[in-house]
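Two complexes come next, and they have one chain in common, chain A, joined by chain B in the first and chain C in the second.
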Partner chain A sequence: MNDYPLNRVWSRREFVVRSAKAGAILAASGLLGYGFYDSIGPGPDESPDKSSVLLPDFSIPAAGRKMAIATGDNRVQTINLALKALGGVESFIRKGDRVLVKVNAAFATPAIVSATTNPELLKELIRLCYSAGASSVVVTDNPINDPGSCFALTGIGEAARSGGARLILPREGFFRETTVPGAAHLVRWPLLYEPFHGINKLIGVAPVKDHHRSGASMTMKNWYGLLGGRRNIFHQDIHNLIKELAMMVKPTLVVLDGTTTMMTNGPTGGSLSDLKQTNVMIVSTDQVAADALGATLLGRSLHDLPFIAMAEAAGAGSCDLETIRLERVSS
Partner chain B sequence: MRIATVRRASQVFFLVLFLWFCVVASFGVHWWQLRGWPVSWFLHLDPLVAMGTLLTTGTLYRDLLWALVTVALTVLLGRFFCSWVCPFGSMHHLVGYLGKRGKPHSRKVELNRYHPAQSVKYALLVVLLSAASGAILARFIRDAVRPSLPLIMLFVATVGLAWAVVGRATAKKRGMSAFLGAFIGLWAFIGSIAALDRMITASLQTGLLDPIPLVYRSVNLVLLPLADSTLQVLSVSQRHYEGAWFIGAVFVAAILLNLKVPRFYCRFICPLGALMGILGRYALWRIGRKCAECPQCSLCEADCEGACEPTGTLRLNECVLCMNCLVACRHDQITFSLQPSAGGEISVPDLGRRGLILSMASGIAAVPVLRLEGHMGANWNPRVIRPPGALPEVDFLSRCIKCGQCMRVCPTNIIHPAGLETGLEGVWTPMLNFRLGTSGCQLNCVACGQVCPTAAIRPLTLSEKKGIGSHAGSGPIRLGMAFLDHGRCLPWAMDKPCIVCQENCPVSPKAIFVREVFNTVRGGVVTLGKTEGSTVEVRGASLEAGRYGTGDYYLHVPGAKETTRIRIVANTDRTLSLAPVAPADFLSLVGTQVHIQVRLQRPQVDPDRCIGCGVCEHECPVTGQRAIRVTAENESRSRKRSMLL
Partner chain C sequence: MPGTRAGKIETSVGLLVLMLLAGIAAWVYSRQFQFDPTVYAPVLSGEEGRPSGAGGPVHVSWFLEYLPEGMEPFSSAEVFGPETLSEKIDGKAELYLSAGFQGLICRRFVLSGLPDAWIEVFVYDMGNTRNAFSVFSSQRRTEGEDAGFAPFAYHSKNALFFVHGHEYVEMVASSERLLDPILSMGRNYVAARPGETGRVEEMAFFPKEGLSRESITLLSSDVFGFQDLNHVFTAHYVLDGRGYTLFLSERKDAREASSLAASYVRFLLENGGEERGAASPISGLKAVEILDSYELIFSHGRFFAGVHEAEDLEGALELANRLHETLRGVGP
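Coming up: the complex of A and B.
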């Protein structure tokens, strides 16, 4: 307490000390005022996220453009056949690789309605990665329905766990801003980036589905699940957005599961009558080519799906099936 | 001249000046209207405004530099502001004086005795400033674990403390060192395990109780509109403010409490007074007694405004320098000097360490608890439309001091104090109401941002607001978006021509356009009878005479070409007169069924053009719940709220 007791005459020293303290407060306020003075005020922009990120290129240039089409109704067999036709999983996954598998877990529906990545296929893919020497496999998606429910009900969560992969559910802190070079929509947009930490190989696994807004949901549309924020506004220009997704992600491989195709009522489906047995498994290093082929399963032409030509024009791949190394195998 | 007379002159001067600034914050062309008068000057002088925004934003905005003048004088003199400048203080002073008048001396002394509850204002100050410093605190904690300058400082501090502990030091200093060491250790520990900046954020709530914003909004939003409703000098029509009763009730309660205890607000509540009490702790000149022996006549305490006990141990931080004791003392005992009072003085508030920590903790915790409502995120209220130039909501709430200057200055009276629309934090912050007031937000007006003392509404130029010139790339400032309610709109729902909204849309090209449709009116299918010139007889229906002659009604033959609609120029109950352009064959359709149709222009909002100014909503003839209403969707202040790509 700096109180002064009763009836005491003040010494000069006390006066000097008090003056110095008052002076110190004056000087401190003056310095604060000078140091933090702002003659302009705030600008129009929200402060940008300084830790903006870019997804690295996960493709293997040496592998070139190649695609395998395996026919059969058993996904475990067809994925093995397709990969073998492309030179085996070892030509994509090396010893010590850390692999991210981006599934489609969009809806909290059971695997049988085929609105999401098939769990058996996922489990086999994880096994294959580990068999090729991968040191870790991570499975992720930012679904549309509640994430916890989606991963539980689709069976994807269980498949990932039992396959020994790490499951990463999206959380608020897992997103970082990204700006895709040359993009109009994906500018300073939140990207599910945390699961990519330490990852050097990326595989996208998606079912073939009808999609009312874009025409079809296949491997390129699957990257939508890497976006955060209010991504629903992108439906105002869905084809360009899918093109930008293809520009954003350069995967090692994409797996397009056309064993059963959701022909109607997409992308949620919900009834077995929406599905058709088409018995095709596509594995490709070119996502545009994979989607171009997938379109035929839905009975749609490339003209019905403008995003395919847009993605091709943007250099994300090619739908020219003449120039790709195409392997057809059946079980 | 006696010092108390000088003080009174000063009080009158500043009170009149303040009221003058309130009056001249009026829109118009006269010299006594807005002509560069520094209408927010008292807010600039207010150190609590400066300190609050400094804590929340890390900046001292423009004219808030004036606060340094107040701070400097307060450091040297103590709480002079309360008794010499503060307009709210002067009001309390006057009412308190009136309330005391005629009371016996002993009663007056009793009223001015120090009360322990006077420390409540320090607790309030700490709560408000802690709430404002949440973001800075969280950042400090995060920075504690970053290998950067703060860590080096931490290291130095720790070494220094260790030295103090092992070196020669008194027990008290050792205890202090141990406390500081533990504090810094805990700080680094918390910083390393938790990202507190995700939880702890800042909110500027000083304006709730800060007397300067309080008196501004009370006078501007309650007293002036009341006075002007009879005088009609300041505005052409009655000014309205939603929730003005609440602001008025707080003001009247604060004023009436003076009858119970003089300067009740200043002594028990005022956080600005508390801040000045702390700032003036080392005041060089101060009130005090010359000798320890004093006759204890307590003449000096009868009119002591601060209840600072000049006869006993002077409470320096309570003294408001009213100088009444100096004048009242008949024994030449009281002085204003460099010496401390011979009766002793207490210069720190009676809050205690526990009170301090409790107030800090509740202030810091209050903001994250209030934000659990989710108003800052997905649960934002689209009915809250902020003025043009308002910052994104979180930044806005870290600057807005609820002074109501924007509401006062708005020429169309559309800016209103919010109630609980954005939660407790948003009370008395500005929001737009397009039903009250004289129009929507005027396209060529930027008054609110120019008058805002803290840039919660940043000052816009006209070209920025309209998105022209160098701002053409970023487009106009959008306050929200107009949505049509098809169930209420006259042309959409009731077959009535209208489009007032389209006509009044101030944007060029208009954000509201129309689509033309022709609808057969109720009971409008009639059979043609004989014709006479351009007048035809109708059969099978009795028409309301004159109804279809308004120029909006047409006769149409189904199956004929779309273009063969002839305008009806007049009608009786049995005949229709058609425009002279009617082709002859059209008039010879005796016995044919024809349709009387109304031509409607149905309004449609172009979302790429709409700026949410609300003129359409204001003008809509559906006067209750309007058929076109603006909500804050697509407002340009935050990308997260954009509705369009």
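Coming up: the complex of A and C.
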């Protein structure tokens, strides 16, 4: 250590030079800090980001546009009939496939109010995937309410476990930023991405429901449960958001459960009197077509549900039911 | 100058510290451009430090005093405010917010030893009885049965809905066999606070003849697709086998009521409506034909009123006259 004698006498010149240096350092630090100061704060950045992800295309081009409508009140029977009409589950799920089933577990409500994916239907779908040779099945959603309560109280968690699927609940670190090309809302937005690791087939399973903001909640709105962040801000422009969700996700299949339709007071419902027995199970490779048909169960026209035509215009599918290969079966 | 120069170790340590500081500065600089909505969510007024939703903590004994024998808590109470309501009821939040929502407390209860037999209680603080009636009436299930213990109360096979003072209360069960405990809980809740039963004055202004009382609904905003039209009561009538919808809204004063009537007529005409002549003793009544139906509009004192989407002009005029007569009895 060097010694700095306390009684050392500084010359005036030394004092002025050292004071000037100290002042210059302080001023430079201040200027540097001011230069870095961002008075606006962080905001969405349009520049490409290497950490951003895009969901792969899970559709099977060779399968084409096809849809099956099975009528009956037994979901286990109707899902089997509908898939059989489309060539069997083996047409979509092959040996060794790793399947993700995106359910609607939005609310911690009992299964009888049909605000969420029906547990029996889910369990049968998982069984069918394994019977076709799937090596793994993952079930996930990012619910509106507390995830643990939602999966437990809806019966979806138990159905997934008893069916042999792996249940993935959302948690911090499972989200990655995504930017959907051409989207206005889904720009650098957190996406529940972790459950998609290793997945090569995607099935969406949703009930048909009335929705206070969008008019209806069906297969395309179901992808809302893949978003994180303050997604409720999108309710102000819900039709465009649903269109962007359809642009974001290209599923292998969608299953639209219209066995019991929530006709009023959606999306939460609550009373059995909100429900109507409509006895329809829709399975489709085209999510836009599935929703277009689901709208009829709610007694709504395409004019009432603008997101359907918007998704079609964005290339997510077609609501023209004349051009899709349509199979009708009943139990 | 002897003794003023730093040694090698001090110089090395100094450089290391400076490099570390430079590294931290560079990291901070780069991180500020990485927007993560899950982290940098906009802070809404009054939201900080709330445990779940909004509002203060709720006592662990909340609602326990109203439980019938055999029921016990299944979860702790959750509290939500205007900024967080959508975290509980998603897209339905707008319905409540536009009607003056203040806060929500909800909690689940279960039949002892039967984890599948549970009930969730929602108590919405709507600020006043009118607002509570608004959300009650606009969600009313047509198949509901009168619950009997409050002026605005009905139940379905698995749920109970009622207005109590400034509160709108929902109780939803996981099974139809829980209807009796639900009704007990509702009765106990109302009986414990008898002074809080509220009234909705405007309901008495609708003519009685032909009225379906359960159809009276208070619409809070964007009524009939017109952005300026809010706080409107509607009621369904049957006259000579035909259905009609009457509407009524009490405004601040006669000037506002008259101005609103004129604005609504303009709105209808701008959207393809055509004014029709109508013989009526009601001063200033306008009849507009739009989309194969008739809309009758008038104002009387501080009331804005009329008939909505009537298929038949004659019957609509008859009911408009009856409504006008009733309003004349109310006074200016």
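The definition used in the following text is that the second predicted complex is superposed on the first by the 281 of 331 C-alpha atoms of A that agree within 3 Å, B and C clash if a C-alpha of one lies under 4 Å from a C-alpha of the other, contacts with A are read in each partner's own complex, and residues count from 1 in each chain.
Basically, a residue touches a chain if its C-beta (ideal position, glycine included) is under 8 Å from a C-beta of that chain, and two chains touch if they have at least 3 such contacts.
What you see is a predicted model, and the numbers here were worked out from it, not measured in a lab.
Legend: residue contacts after superposition of the two complexes on their common chain; A:Arg213 is shown touching chain C, with no touch to chain B. In the superposed model, A:Pro110 makes contact with chain C only, not with chain B.
Contacts of A:Glu322 after superposition on the shared chain: neither chain B nor chain C is touched.
In the superposition on chain A, contact is made by A:Phe234 with chain B only, not with chain C.
With both structures placed on the common chain, the touch criterion links A:Phe15 to chain B but leaves chain C unconnected. Contacts of A:Phe36 after superposition: both chain B and chain C are touched.
Applying the stated contact rule after C-alpha superposition, one finds that A:Ser271 touches chain C and leaves chain B untouched. Counting residues of chain A touched by each partner, chain B versus chain C, the larger count belongs to C. Using the contact criterion defined above for the overlaid structures, shared-chain residue A:Gly173 touches chain B, although it does not reach chain C.
Within chain A, the residues touching chain B in one complex and chain C in the other are 1-5, 36, 38, 41-44, 172, 188, 229-230.
Of all residues in chain B, those touching chain A in their complex are 50, 54, 57-62, 65, 67-68, 71-72, 75-76, 195, 198, 279, 281-284, 291-292, 313, 338-348, 391-392, 395, 455, 458-459, 464, 474, 638-640, 642-645. In the complex of the two chains, the chain A residues touching chain C come out as 1-5, 36, 38, 41-45, 49, 106-110, 112-113, 144-145, 149, 153, 172, 175, 177, 188-190, 211-214, 217, 228-230, 232, 235, 238, 264-268, 270-274.
Contact residues on chain C toward chain A in their complex (touch as defined above): 3-7, 10, 25, 28-29, 32-38, 40-42, 75, 86-95, 118, 120, 139, 141-144, 156-159, 161, 170, 172-176. Within the complex formed with chain B, the chain A residues making contact are 1-10, 15, 18-19, 21-22, 25-26, 29-30, 32-33, 36-39, 41-44, 46, 172-173, 185, 188, 229-230, 233-234, 236-237.
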